[in-house]
Amino acid sequence: MIACPECEASVDLPDAPRLNEILECGDCHAELEVLSLEPTLVGLAPEVEEDWGE
Amino acid sequence: MIACPECEASVDLPDAPRLNEILECGDCHAELEVLSLEPTLVGLAPEVEEDWGE
Amino acid sequence: MARVAIVGGAGYIGGELLRLLLGHPEAEVAAVTSTRLAGRRVDGAHPNLRGLTDLTFVDPGSLEEYDALFLATPHTETMGRMTGYAKIATTIFDLSADFRLRDPEVFRRYYGLPHEAVDLLPEFVLGLPELHRDRLRAADRVAVPGCMATAGILALRPAAAAGLIEPEVTIDARTGSSGSGATAGPENLHAERSGAMRVFAPTRHRHEAEIGQETGLSVRMSATGVEAVRGVQVLCRARLAPGADERAVRAAYRAAYAAEPFVRVVAQKRGLYRLPEPKILSGSNFCDVGFAADGERALVLVAALDNLVKGGAGNAVQCMNVRYGWPERAGLTFAGLHPN
Amino acid sequence: MARVAIVGGAGYIGGELLRLLLGHPEAEVAAVTSTRLAGRRVDGAHPNLRGLTDLTFVDPGSLEEYDALFLATPHTETMGRMTGYAKIATTIFDLSADFRLRDPEVFRRYYGLPHEAVDLLPEFVLGLPELHRDRLRAADRVAVPGCMATAGILALRPAAAAGLIEPEVTIDARTGSSGSGATAGPENLHAERSGAMRVFAPTRHRHEAEIGQETGLSVRMSATGVEAVRGVQVLCRARLAPGADERAVRAAYRAAYAAEPFVRVVAQKRGLYRLPEPKILSGSNFCDVGFAADGERALVLVAALDNLVKGGAGNAVQCMNVRYGWPERAGLTFAGLHPN
Amino acid sequence: MARVAIVGGAGYIGGELLRLLLGHPEAEVAAVTSTRLAGRRVDGAHPNLRGLTDLTFVDPGSLEEYDALFLATPHTETMGRMTGYAKIATTIFDLSADFRLRDPEVFRRYYGLPHEAVDLLPEFVLGLPELHRDRLRAADRVAVPGCMATAGILALRPAAAAGLIEPEVTIDARTGSSGSGATAGPENLHAERSGAMRVFAPTRHRHEAEIGQETGLSVRMSATGVEAVRGVQVLCRARLAPGADERAVRAAYRAAYAAEPFVRVVAQKRGLYRLPEPKILSGSNFCDVGFAADGERALVLVAALDNLVKGGAGNAVQCMNVRYGWPERAGLTFAGLHPN
Amino acid sequence: MARVAIVGGAGYIGGELLRLLLGHPEAEVAAVTSTRLAGRRVDGAHPNLRGLTDLTFVDPGSLEEYDALFLATPHTETMGRMTGYAKIATTIFDLSADFRLRDPEVFRRYYGLPHEAVDLLPEFVLGLPELHRDRLRAADRVAVPGCMATAGILALRPAAAAGLIEPEVTIDARTGSSGSGATAGPENLHAERSGAMRVFAPTRHRHEAEIGQETGLSVRMSATGVEAVRGVQVLCRARLAPGADERAVRAAYRAAYAAEPFVRVVAQKRGLYRLPEPKILSGSNFCDVGFAADGERALVLVAALDNLVKGGAGNAVQCMNVRYGWPERAGLTFAGLHPN
């Protein structure tokens, strides 16, 4: 369990997290990247902007 | 009970049918007009054409 | 400059006539009638015309004299009034169904009542320049064909004329909601009509009579209302005559329509828009026509048009251009939009 | 098993009540009224119910006695008849606007005529389980809120209650055509309404009164008809209170709606459906609620629902479930479709 | 309780299976695969399922053992993998086209490549309870028919079986955009596909093979994409056999479908929805079937369904219900919406 | 006659430029580029142009010299190439966002990367004749504003200039799918985009920068994708300055736009189309502008246009007309359709 850096919801960690693995927050659906393993830290993965409507 | 003149499905008669009353066939949804009472006879009520698409 | 009047100008065909005639280099709109809206500005009923005209509707009873009269009134409403209209205009373009069918018996069968002006029928020329251009040059009574009829005739006529198909054909027509006019009833309520695939005429759609008359074919026609405001498409099925194939069909259509300003042959083997489709025709006077054969003598022919333009008002203006000897494209240059 | 009757059953809300109540495990539909269609099968007006019922409409005058009565009649039509309805049913769910506003003066201001049953107003509980669940458990007079009002209240209430926003808000509502009912006029003709972005209420939409009453906020609301049959979406603008931020808003909404069976917090940072949108809610009783802040104290809150379900009939059924102590989801399990 | 898995769960059919199976009283969804989205929540791809499940997609390679497997993968992708799938599940419902046609030669003709598992073809039963209910009760290999094929078969079969029509028929099918799946290309860009009447298959649509196989008729079929997300409608033209008339057709259809839970005969003489139309069927498992004759031996037959439900996922669930001896309506009770 | 070239001619803005310039009495289209489709006919990408042109696309690398160059390429793609373009054309109309904002810092904030041609910024005049007609008469570098920006500026500018509103405004914009261009991704798949009410920019839509720059107001803007292919509508909320009322607003707008060929004031108290709505503007170069006040100092301003015409290609052509001293309406006479 870890807190989502975007919205603070708790996010399940996989049994053996791998570095740079992408997780998904079930609440705000942010993509989280595993940044370090001991301790397990995650950060927001870069976001893709939609480009609707010019 | 009476047979629908359009599709032959059986149509329930009201308890006391009235002359010129409009009934509806549950099967083909034709409108039936009560044309006589003893015996009860029904005929197809005039149809309204939709006028789509000219 | 011709002084023209429109009867039934508050309807959808009336509004489209107004749009086209206001932009026409040779016509001047002298009067537009509406019983319901007499005295009101025409741009109240037709908001796209804001800023383009200050015309107001007049009552049909106060019409005067004009070079040309366009009748955009419901069918069965013009036949009884034609003698009156003839007194106030030299040339009459009737967009209703009343004078399209030469045989009053066929009219009675399809419209459910006897024709009221049988003696006037022979005066009328069918308003389809692709078939009757020469007669239209001198015609003062023009019966503009129905929207699906125009699509069906233009789809089938070259194949029929060249003897490339057998005489029995079926047509499945699809149409947008503007075909029902501005005074349509609850069946055209948005919540009911939106997203519909309504087979409102599974058999014997009225336009089969016009198509049969103009192509000599025996036609069975159904019609379905689909989601669109403007647009008609017909999908016709025929059987190739012995020896005919898609190549022969292509040659016949290319030849038939090579010089036509408003018919395009669209029968591509690649791309998104391989066969005719109305969505890119909204507002334009084109009728696109195409076909595909299956290698076993089954031929499918497709045509598409905007029911209010080539299917009605635009075709009437084209007829007027032919009648008056003006360039046939005058007032009808809008190409259609993509995407749309 | 409760015996229920629906008044105004030929309309869109009436039809939706019928759909939901026919599928409800605890309710039996004993009567459905229509003046116009008395004697006709209900599946004539509501073709989706073919095969599911043999009910026919009865005249409102021939109603007998029922456990519960659902009123799906136009506003201003129920207030004068409420005393009569009260004689034939224990519990009444009024879906019209007549008993939603506690203050008869506000009613007069927004509906343009004096309230005819001021003395009955205090008997009514507003039918919004998210706000009034406890009182609804014992309520025999329930005034179900308006579709856009429900969306607006559920969008704004947690932020207002937690003091996260300042009291002045604006709401831009968008709605499908079924909101106008089955007896809508020419403004809902398909050719006119299709593809519309019609700002039919640029200011002072009626539902701002209900939203103000339930949230304590000062609300300015506009409404636009957009292309859709079902569906309402509200986009609300508020200013964050000093110290508040998006994170605090998220926490408040998460807490407020954690146990709610029909409110989902939808405020995602990825994906196509990041904020609430009605198209995936058609037929479902969900109201989705979301938000986004711009980092400078501007907060946008969005809610979406199906106007005929959570915005009307479904919400009424949910209220009935609360009132009778049935599982709150009974009869309301349909999830909505994607794609749709 | 049966443990089921869905292969291809990120697609439109996969998502619909998920919606139906999550709400099914006897099934438990044990796994859903996506190569692209492995590890991601299924409600990211299917936002209508928010709040209803916490499932995440797994890679197809990590599937284990299940009672039943639903294959929602593109055609030609399952035939080569069937032996593998057979190792991990007792019962397999294949929604692709790979095992629908009994004759591998016909498969090759319509799909353009040789069948890779000819020996497995005889193991499959076509998943159409209306025709093969008895065999389905014991079937462990079920090939669920195509969406337009199901509509065409249900429209034509009773007339064909009763000898009421001559053996040559034509079918004009119309379909919404979800029929192209979630991974459709630029031809499904909204600006191109919106409002389309795209005759994408003027001749020889693939489903004519399935319809021919199941009805014994000789079928020519075209297909047109029209404006809709969900929904298929077929309009079939046949010639009545000597002596047959509309009344005999009605009697045959009434008899054939009297006991069917999901086929309704809709052939009315009044009302807006006289013949089958998909817009009121979205989300429901009904296939509505109707007809009209023209008095001169031309018969038009119409059927409509939701391509993702009775045309795919719902029909597969119905087959599962038959196979497991569960009530045939289990998980499939949603009635459809009106208006919609 | 001016020889013009279009860069990015396979896109939606490129196609619209082509449609308008092919019909322009004074311009000759000498080249149209597409990297992807070089060598192919332009009517393959733009089927509405069939029969009107035999042009084929050329690679951007093979451009020669022209009087005027229209750039219809994505934003951030033109700034780095401007020096090159300047060598081959006297006058340049850039439809991308790259040279609209005078302040490179604002550009960086809204577009997320530094401006690559800061020194060229002062050469550009914003292509909005209503504001900058005099400077445009001599401008050889024209930055055509964004579609929603044009709507927002024309909606707000007269009120702002006359001091009738306070400086803080909010804008809710709605847009059709063609705004995403011809190369849009899966978010524009028909099944996902159809019937959407997608709040894709809840806060800080990019066009607020352009609107702020041109009106001097402080703008907060959200944008929602709604069901439409073409069309943009903005609904702006402002607070009336002390002493101002709707009458003063009407007078100011009437005065500001009295002589404008393409801005109409639409603020009616009756009728279906009381306030600006894009559906009747498809294909036309009009921007309709209207307003309504609520009697308590809240003012709502509404503007509508076709994003591809007045919101892009049409406006660019209008700028060209101004620049070359041609009649401002040349090539832009299409009025729009009703119904549509």
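Here are a few things to note about the model shown:
Which chain is which? They are A, B, C, D, E and F, in the order written, and residues in each are numbered from 1.
Note that contacts are C-beta pairs under 8 Å (C-beta built on N, C-alpha and C of every residue); 3 or more make two chains touch, one makes a residue touch a chain.
Chain labels with UniProt names: A, B = Alpha-aminoadipate carrier protein LysW; C, D, E, F = N-acetyl-gamma-glutamyl-phosphate reductase.
Remember, it's a predicted structure, so these values are computed and weren't measured experimentally.
In summary, the pair subunit C and subunit D forms a contact in which both copies contribute largely the same residue numbers, shared numbers making up over half of all those used. Should one ask which of B-D and B-E has more C-beta pairs in contact, the pair is B-E. Between the Cα centres of subunit E and subunit F there is a gap of 45 Å. Taking each chain's centre as the average of its CA atoms, subunit D and subunit E sit 35 Å apart. Between the CA-based centres of subunit B and subunit F the separation comes to 60 Å, rounded to the whole angstrom.
Residue positions 12, 44, 178, 182, 186, 191-192, 194-195, 229, 270-274, 339-340 of subunit D are each in touch with at least two other chains. Residues of subunit B found to touch two or more other chains are 29. Of all residues in subunit D, those touching subunit E in their complex are 12, 15, 19, 22-23, 44, 46-52, 178, 182, 229-230, 264, 266, 270-273, 280-284, 286, 288, 333-340. Put simply, subunit D touches subunit A in their complex at residues 247, 250-251, 254, 265, 267-271, 274. Within the complex formed with subunit E, the subunit B residues making contact are 6-9, 27-31, 44, 47-48.
Per the touch definition, subunit D reaches subunit B in the complex via residues 39-41, 44, 54.
Those residues of subunit C whose C-beta lies close enough to touch subunit D in the complex are 12, 176-178, 180, 182, 184, 188-195, 229.
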